[in-house]
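Each of the next two complexes has chain A plus one more chain, namely chain B in the first and chain C in the second.
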Partner chain A sequence: MAGRGKLIAVIGDEDTVTGFLLGGIGELNKNRHPNFLVVEKDTTITEIEDTFRQFLSRDDVGIILINQYIAEMVRHALDAHQRSIPAVLEIPSKEHPYDAAKDSILRRARGMFTAEDLR
Partner chain B sequence: MAARDVRTELDSLILQLLADLEELEAKRAALNGRVEEGWLSLAQARYAMGVKSVGPLQYASRMEPQVCVCASEAPDGLQNLRVVRAGAQIPEEVGPREAALRRRKGPTKTPEPESTTAPQDPLNWFGILVPHSLRQAQASFRDGLQLAGDIATLQIRISWGQRICFPNFLQ
Partner chain C sequence: MGCWCCRQWLNPVHHNAGPDQFVFVLAQTIMKARLKGAQTGRNLLKKKSDALTLRFRQILKKIIETKMLMGEVMREAAFSLAEAKFTAGDFSTTVIQNVNKAQVKIRAKKDNVAGVTLPVFEHYHEGTDSYELTGLARGGEQLAKLKRNYAKAVELLVELASLQTSFVTLDEAIKITNRRVNAIEHVIIPRIERTLAYIITELDEREREEFYRLKKIQEKKKILKEKSEKDLEQRRAAGEVMEPANLLAEEKDEDLLFE
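On to the complex of A and B.
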């Protein structure tokens, strides 16, 4: 992968994954795991979490795009991720608009300015 | 005097953090807008081609990424993420770190063999003649990917400011 840059992974519903694959981020060949996961009604939380952790552990993934309602299912794994790369971006889905109050990054930023910090 | 310097630096860091948060909010709104445009275009394409004609059933069995993320180090030491076309030549940055001038004619390099197959345009998965709405969807999501790179860089800067700077200066 030297000199090729890092991949963009996506975990989302059908439309989100199809859209970003249309954008050209998809990688799939017989030797490697795909860098995307389509979450359907019968996709288990375990499967989502395993895929998310897999993407986090890959050193060739630079950004992970994840629908926010799916991120809520694996929020504990997101909050535990402290490294800068891969960067995790929460995006809305058709049925669930983006809510800044749930975003891990913005929650941490809001939590900075607490009474204890300003004492 | 030292305390005043620390306060001044802390003030500038807080201002930078607030500016980054504001920029992040604007880019997020833009990304969400692009993604929503993309969904609408996908729905229009499905209406034209059939409900089952735009979805995972059409994904190729082999895919090569057309875009990737390049990480570079900014002057402040933080990672800068840029979304670029895969295989695009990134201009070499000649900055203060370069001790010697670049030679006009560098040493002759043996040409690397080009890859035999270019990455296939994902539009081809859906047929030869695709509706305009599908091309529009592709354009929307490509714009979204560029914004994703900028948002990722901002998030890295904001997280760094939270984790490193403030505990040190507040001590």
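On to the complex of A and C.
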């Protein structure tokens, strides 16, 4: 692990993860643990939650990218995360385009910019 | 409010000041200084809160814009992925198996806004592309385009993440600052003002007590004087008192030889 450098972790469906790995963010750490998780139809919610918690507790992960439909499944774990690092970003997947209403960060600012939200 | 006997405005060295008075006046000065300090503090904190809120709104706006942009970039990247899959076949498994070292990593830098340190992400490249040989068989061009698209997406997402962390940090900072402003405004300042009012009433009361005491003493002195005068009159009448020699009333001076 390079000194202060942090990794970008991904939790998503096969296509998303493949794409981002080709973008060059994938890495196996000393214990051969990857910084990504491919979520398939038969992946349990507990598994997703565990991996998410694991990423949160790792100190070499700076950003966690997660498909929005998966984020919905583990919404409670996401909302419980109050720290600023690692940053959790919800990205759209092929089947589910981006929906600003479900984003947990934007929900915190609900009261302020409602007009712009509906843009 | 002034002194009751001489109408002089109450100042630290007043002619009616008893030894205790100084303690109260000192306390009053201290309380006044504290009140001033609390008010200055409250104003400064309000300014800080305003500055933070302003920055907060700016960031929020930028976040919404960037998220919309990201939605589009991701869609395009997903398209190019589908294209590449069509030409190069299914390379997902190969890609996933060949993970080794990340070429793109991020650094956390610190930015400062009105005294609040915000973490900012900066991405940097390291090492070579581990998937350089992946598209050699077929679909190389699509794969190259794909890689470029996702690299662009990653850059955008890093920026978005910076905005998001600033957002969360600012949110917390604003809440704390507002809490402090309210605490000063609704608890500390009223408390000091009440203490100040109490000190002033105490001083007033002591002033009145002094005045009353003085008046009483004057009365007593007057009565005593009258009594001793009466005594003197009686003794003179009885002829017991010898007047001392009065220099001014003397008529003949023995020492003068020539008159």
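The criterion applied here is as follows: the second predicted complex is superposed on the first by the 104 of 119 C-alpha atoms of A that agree within 3 Å, B and C clash if a C-alpha of one lies under 4 Å from a C-alpha of the other, contacts with A are read in each partner's own complex, and residues count from 1 in each chain.
The definition used in the following text is that a contact is a pair of C-beta atoms (placed from the backbone, for glycine too) under 8 Å apart; a residue touches a chain by one contact, two chains touch by 3 or more.
Since we're looking at a predicted model, the values are computed, not measured.
When the two complexes are overlaid on their common chain A, residue A:Lys94 makes contact with chain B and with chain C alike. Looking at the shared chain after the overlay, A:Ile8 reaches both chain B and chain C. By the document's definition of touching, of the two partners only chain B reaches A:Asn29; chain C does not. Once chain A of one complex is fitted onto chain A of the other, the partner contacts of A:Leu21 extend to both chain B and chain C.
Chain A residues in contact with chain B (one complex) as well as with chain C (other complex) are 4-8, 14-28, 34-35, 38, 62-63, 65, 82, 84-85, 87, 89, 91-92, 94, 97-98, 100, 105-106, 108-109, 112, 117. The residues of chain B lying in touch with chain A in their complex are 17, 21, 24-25, 28, 31-32, 35-36, 38-39, 42, 54-56, 59-71, 78-79, 81, 83-84, 86-87, 119, 121-123, 134, 137-138, 140-142, 144-145, 148-149, 151-152, 155-156, 158-160, 162-163, 166, 170. Residues 4-8, 14-30, 34-35, 38, 62-63, 65, 82, 84-85, 87, 89, 91-92, 94, 97-98, 100, 105-106, 108-109, 112, 117 of chain A are the ones that touch chain B when the two sit in their complex.
Put simply, chain A touches chain C in their complex at residues 2, 4-8, 14-28, 34-36, 38, 62-63, 65, 82-85, 87-89, 91-94, 97-98, 100, 103, 105-106, 108-109, 112-113, 116-117, 119. For chain C in complex with chain A, the residues that touch the partner chain are 57, 60-61, 63-64, 67-68, 70-71, 74-75, 77-78, 81-82, 91-92, 95-96, 99-108, 119, 121, 124-126, 129-131, 134, 143, 146-147, 149-151, 153-154, 157-158, 160-162, 164-169, 171.
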